[in-house]
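One chain, chain A, links the two complexes that follow: it is found with chain B in the first and with chain C in the second.
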Partner chain A sequence: MQPGVRVGVIAGVVTIFLAAVGLIGNFTELNIIGEEVTFAQLMLVMIPLVAGFVATAPKVEAGELVTFTPQRAAMVGAVSGAVAGAVFGAFVVFVDAFGVERVRSVFLNVSPVLMDYLTSGRPALTAAAILTVISAIAGAAGATYRALPDAVRRPLGSAIWVTLLFGFLQRIVPIALDQLEVERDWLYSKITGGLTWVGAIVIALVAAGISVLKQQKGGAIRGAIVARRDRGAEGPRITPLSIVLMLVGLALVLIAPQVLGSVISDVLGTVMVFALLGLGLNIVVGYAGLLDLGYVFFFTLGAYSLALLTGATLNTFIGSSEPVISLNLNFYVAVPIVVVIAAVAGVLIGAPVLRLRGDYLALVTLGLGEMIVVLVTSPWLVPLVGGPQGMRDITSAAIGDFGFRDPRHFYYLALAFVALALFVSSRLASSRVGRAWTALREDEQVADAMGVSTTSYKLLAFAIGGAIGSVGGALFAVKIGSLTPASFQVLVSIQVLGIVILGGIGSLPGVITGSLVLVGLPGLLREFEEYRLLAYGAAVVAVMLLRPEGLVPNVRRSRELHEDELDQDRWVRDVVLDEGVAPTASPQGEGTG
Partner chain B sequence: MSPALLEVDGVTKRFGGLSALNDLSFEVGEGEIVSVIGPNGAGKSTVFNVITGLYPPDEGDVRLRGQSIVGLSPNRITRAGIARTFQTVHLFPNMTVLENAMVGQHSRSKAGVFGAILRTPAVRREEEAIRERARECLDFFGSRLAGYRQDQPAFALSYANRRRLEMARALATDPTMMLLDEPTAGMNPSETLELRDHIVRMRDELGLTVLVIEHDMRVVKGVSDRVVACDYGRKLAEGTYDHVANDEQVIEAYLGRRHEELG
Partner chain C sequence: MSSSGSAQPVDARLSGFATLPWRRIILVVLGATIAFVVIAGAYKTLTLPGDERFSGDFWVDQIVNGLGQGAILALIALGYTLVYGILRMINFAHGEVFMAGAFISFFFADAYVKSGFLNSNTYLALTILLIVSIAGSTLVAVLLERIAYRRLRNAPRLVPLITAIGASLFIQSAFRGFFGPQPRGYPLPTLLEGSVVLAGISVAKVQLLVFITAIVAMVALQLFVNRSRTGRSMRAVAADSEIASLMGINVDRVVVITFIVGGILAGIAGLLFALAFTQVVFTMGFRPGIAAFTAAVLGGIGSIGGAALGGFVIGLLQAVGPSLFLKGFGVPSENSLRDVFVFLVLILVLVFRPGGLLGTGDAEKV
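Let's look at the complex of A and B:
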């Protein structure tokens, strides 16, 4: 019973926290499905539900895996839900007794509106009792969900989360559908803003159906992969199917902005700018293992040097003026120059901090990153970069008459540079240079003793990482067309580092995933803009605790782990064969090779 | 007379008030196998670290073929032809066995950033040559580091194989001189015997000069042309194994009669 109580208390505190930061009170009107299911309600139900699910996780006791019987699971779940509800109910009673206004003077979001919503006008104690009961039911439901057989649980799970995802994307999916001229009133209601019940049910059924199909086919596909590996195939095989899939994927990426409209294209453009920054930082942190907290330096450097090279003007109170240094180069001539400037700056920054390691390096780079922010804001450099007013009239990188300011055009420009950076990164990773970086990261002293010039390779990492990051800055300048110091804060460094860590340090697909999750999702869920950093922090903490290798770990390492498993499989099969209980070696997937 | 391959000339190294090395001098001639012996804390590993550039000496000089190598960074010294292993095994644990050995070839190859990105035919040939050379070095240890093991991460190796891989990696730097720091530490008797043969083969087959720190006297006896015994950072004796093993001071240092005398 104890785990149920503990998880319940945590869940209750989480609910109080969410209420206190306003995540419940501000979203009582955000309809997810019909008018009945709002985001606020979802949170009040989902938290105890998840608590019930977590509390009944099988655990290892005295070396044995202990699972709950369904009845006991439901009990434990109900208890944890009830505790969560009771803790939160106690908060409601406390606020009511202490006075909403007094609490509000500290916690701005604990408002009479929130209290009205939570109590529905009933006395606080009654409301607390109701919350407890609802939470207990939700907790029991969560526990029961875990106890369901896989065949039911998986489709049900995907039905729920896919439906909720579509509910949350209510500002985005309808726009995309409109763009495609697809009738969508049956799916998203124009009145409530959220999914209609019909739409929700259809989505849930489709998601469940796909999940069932995956379950049936998934085993066969996995078997085929194992069989093919067993035949000694080295590396990924190119099959007709994989070519078709790649072409379809490529086509989707290429037509995306046309289909998705300018709002989503705009978000994707930002995603790609951050992906470039992530790819650059990945070389410094992921490949060479140098923790750089001042990466905003290169972002800023790239943006401002591009602006100066391509004839942008300074914002002044009376209009605009020429900066003291101004060239009028074409964007495509300027970018290579920006890259060179950034690479040189990378070496200059790297040189004094080379002797530092780990935490010390992180602190010094943090300071260097802050310096450039101070520089672009300072009155001293106003004639050059405009100070707080910033710069404007930045080139749209036009080729002929085709400018890239429009988000749907910018997408392609950014895509080209991301593709190039991915290419460069992957080539470097699998080369003599990449090997030297890996050695440096794993053991600097030994790398040195094995003939790797640690100085040169650290500087090289700073230079190349900086160069890629500066392109991100240059593209950012083109994207928004004007620069103010507000865009260049230490926060950028942290965000980019978050992308690299979340995705999986040293992993290229990880960087892309990281940018999609940490930049793309918040961009799409505009309602939650205020809570972006909260979610950011929560996401990074969660990943570090639950999956420290990142969402999409470094391919090389995961492949190695996978091959170990295959070796084991092979060994087990050989032993079984030797002992004469031969299962027929599965020849599945023979035809696909 | 041409100078010996390696000359350690009056080297002193202090850590705070402690002299880890005290006016230590010895030479290693081309093609010799020389053992350095001495009790724990005698300064044996410090000599290695001074030779390979990890620590600068406070006094004295280290010369390779008559040229001073003091003040060069470790990677330059490796390039000059001195390879080493470490007392406690230091591999790149998350790189594969083959990649570990390939790192050794770093200073003998030159593909840079642009080569890596463009992957020109010359770069591809060089990469192939690096791989080939790394395989050769792993094959020096017979079947121990062969086959599927080469694609396993280094951390998956057994202890003895880690030691072998460290030596293979050092071999891959194409050295003229090999410094082995307690190569048989932690190995069982049969592995120790095998390793003794490897040390001799390094000289006989690969033409290397070997300087080895070793505690196992059977190995020292079996491989050494000459033995240098030290204690407290000073050289106690130098010469053939039999000469050093019968030296009064060396026996004292090992058996601790000095304490008796002082008492």
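Let's look at the complex of A and C:
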């Protein structure tokens, strides 16, 4: 019974936290399915549900693996859910007794709206009791879900999460369908904004169906893939099927802005600017293993130097003026110059600091990043970069009459650069240089002893990473058309780091995934804009604690991180099992650090 | 770095670059430039024509302010140094621990000034505010250790640092979500308004309070670490946590106590900062946090005396530096560049003397 209570208390505190930050009260109107399922309701149900699921996790006790029987699991889950609901209910009763307005004078988001929503006009104690009962049911459901046989659990799980995902994508999918002139009122309601019930059920059935199919045919497909990979060692690995798939994917990427409309193209443009920054930082952090917290330095450098090279207008109090340096170069001439400037800057600032050990290097780069932010804001450099007012009229990188300020056009410009950066990164990773970086990252002293010139390769990583980042800055300048220091805060460095980490350090698909999740999702759900940084922080901590290799891990990197566990596995396999002794403790699931 | 068909292996070409003393050259140029700016700037500022020149009183004021701010930075820096000494990790979120104390005590201060309690019973009110601020900071510090850091005790070094950055962002955003993004004016009791004259120098009462409180806290910390039984176990764990645990010291407990002590000091610093600058906002922890970290590194991270010394040096530099070194060059609003000094010091110390002023000078490379 103990674990259920503990998890329940934690879940209750988490719910109170979410309510206090406003993630419940501000979203009582955000409909996900019909008018019945709102984001706020989902929060209130999902937290005890997850609590019930977590509380019934199998665990090792006194050297034996303990799993719960379904009945007992449901009990433990119900208890943890009930505790979570009771803790949150106690909060509701407390706020009610103390007076909403008095609490609100400190906690801005504990509002009458939230309280009305939670109590729906009933006395607070009754409301708390109802919350407890609902949470207990949810907790039991979560525990039961774990106890279900795989054949039921997998389809059910994917039905739920795919439906919710489509519910959250209510700003994208309907617009895309409208652009394609597909009738969509049966799927997304115009009145509630979210999914209709019919649509939700259809999506759930389709998702469940796909999951069942995958389960039945999955083994066969996987077998075929493995067989083909084994054959691939001798013959060509590219089959007609993979060519068709690649062409379809390419076509989808190319027509995306036409299908999705300019709002989503705009968000995708930002995603790609951050993907470029992520790819650059990935070389420094992921390949060479140098933690750079001042990556905003290259972003700022790229944006401002592009503006000065292509000519821009300063915003001043009395109107506008020319900056001290203004060269009126063509964008396509200016970008290579920006790249060279950034690479040289990378070497110049890298040379003094690269001998430092990892965490010191991180802090020094943080200082450098912060310094450039202070400098572009300061009145000292107003004649050059416009200070706090910034500058405008930056080139639209036009080819003939085709400018890239329109989000749907900018998409292609950014896409070209992202593709180039991806190509460069992937070629570098498998080159001699990439292997030198890997050696550096894994053990600097050994790499040095093996004849890898550590300083040179570190500088090279800094220069190349910085150059890619500066292109991100240059594109940002083209996209926005005007620059103010507000866009160049130290937070940019941390956001880019979050992208690289969430996706998986050293993994190229990871960088793309990371920027889609961390930049794309909040950009598409404007309501959540305020909570973006909260999500960044939580995502970074959670990834580091639970899955340090990220969402789409780099294989080698993942092996490095889990070396201990692999050793344990090997030990169990070789030593314990060979001697015919049962392992005393399961090495799996013993923490992933 | 082209991968063209050159027969020469990549490494041979790179080593040609490496054998040139590039690093040495860049270092010398960097050092010479900074020395020039410091010397020429100071000379030019002090020899400005009569009406532009700063008066003696101006410099005295700046030095007093610098000492006050240095005292606050020293208190925060001690938190970095203590944690680094025990766990060898940079607690990047320590600035947020400091912010938490100041912010939470604001609501009490605000209520007290509205009810008149702050001015009628100033000493009692300030004591309560101090306790609240300490409690807020300590709570955040302990939660941080328990939730974010404990599981990463044996992880590769960069993992806890990245976690700390995430935690820092998370705490900031959470405070923004709880209490709103706008800065709040922190009330100052009337008793602390104005200034007193000490030995012919006029000192703002707040600065005096800041200075005295900080010194008392630092002396108390020194006594705690050197004289108490717990302090002895802290030093033992800092020296070698494995041996310490074999000697029967509960390392987990010592780590928690370290975070508590750091939290207490940050709480004190938070209240003092709020009183000195009469404002709290959810981002207030970042810049002082970096400045304090710089102070800890400058003094020699891991050394308690060093953190205190570093705090005062950085505080003075922030207060006096921009006027002394930049005004002479005619840089407008030179004070907006004060943080540049902090970062420059950070870089210079780490490049030229990574062990810090009172540190050992080795071991911090590689």
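What to note about this one:
Keep this in mind: the second predicted complex is superposed on the first by the 540 of 593 C-alpha atoms of A that agree within 3 Å, B and C clash if a C-alpha of one lies under 4 Å from a C-alpha of the other, contacts with A are read in each partner's own complex, and residues count from 1 in each chain.
Convention: a residue touches a chain if its C-beta (ideal position, glycine included) is under 8 Å from a C-beta of that chain, and two chains touch if they have at least 3 such contacts.
Computed from a predicted model, the values in this text were never measured in an experiment.
One of chain B and chain C touches more residues of chain A, and that partner is C.
Residue contacts after overlaying the shared chain place A:S431 against chain B and chain C alike.
Contacts of A:V541 after superposition: chain C is touched, whereas chain B is not reached.
Of the two partner chains, chain B is the only one that A:A447 touches; chain C does not reach it.
By the touch criterion defined above, A:T316 lies against neither chain B nor chain C after alignment on the C-alpha atoms of chain A.
With both structures placed on the common chain, the touch criterion links A:A439 to chain B but leaves chain C unconnected.
Once the two complexes are overlaid on the shared chain, A:E370 sits against chain C while remaining clear of chain B.
Of the two partner chains placed around the shared chain by superposition, chain C is the only one that A:V106 touches, whereas chain B remains out of contact. Put simply, chain A uses residues 427, 431-433, 445, 451-453, 455, 460 to touch chain B in one complex and chain C in the other.
By the touch criterion stated above, chain C contacts chain A in their complex at residues 1, 3, 9-11, 14-15, 17-18, 22-23, 26-27, 30, 89-90, 107, 148, 151-152, 154-163, 165-174, 176-180, 286, 290, 293-294, 297, 331-334, 336-337, 339-340, 342-344, 346-347, 350-351, 354, 364-366.
By the touch criterion stated above, chain B contacts chain A in their complex at residues 52, 54, 73-76, 78-79, 84, 86, 90-96, 99, 102-104, 106-109, 111-113, 115-117, 119, 123, 126-127, 130, 148, 151-153, 156, 169-170, 173. Looking at the complex, you find that chain A touches chain B at residues 423-424, 427-428, 431-436, 438-439, 442-443, 445-455, 460, 464, 557, 560, 563-564, 567. Looking at the complex, you find that chain A touches chain C at residues 17, 20-23, 106-109, 289, 291, 293, 348, 351-353, 355-360, 362-364, 366-368, 370-371, 374-375, 377-380, 427, 431-433, 444-445, 451-453, 455-457, 460, 490-491, 494, 497-498, 501, 530-531, 533-534, 536-541, 544-545, 548, 561, 591, 593.
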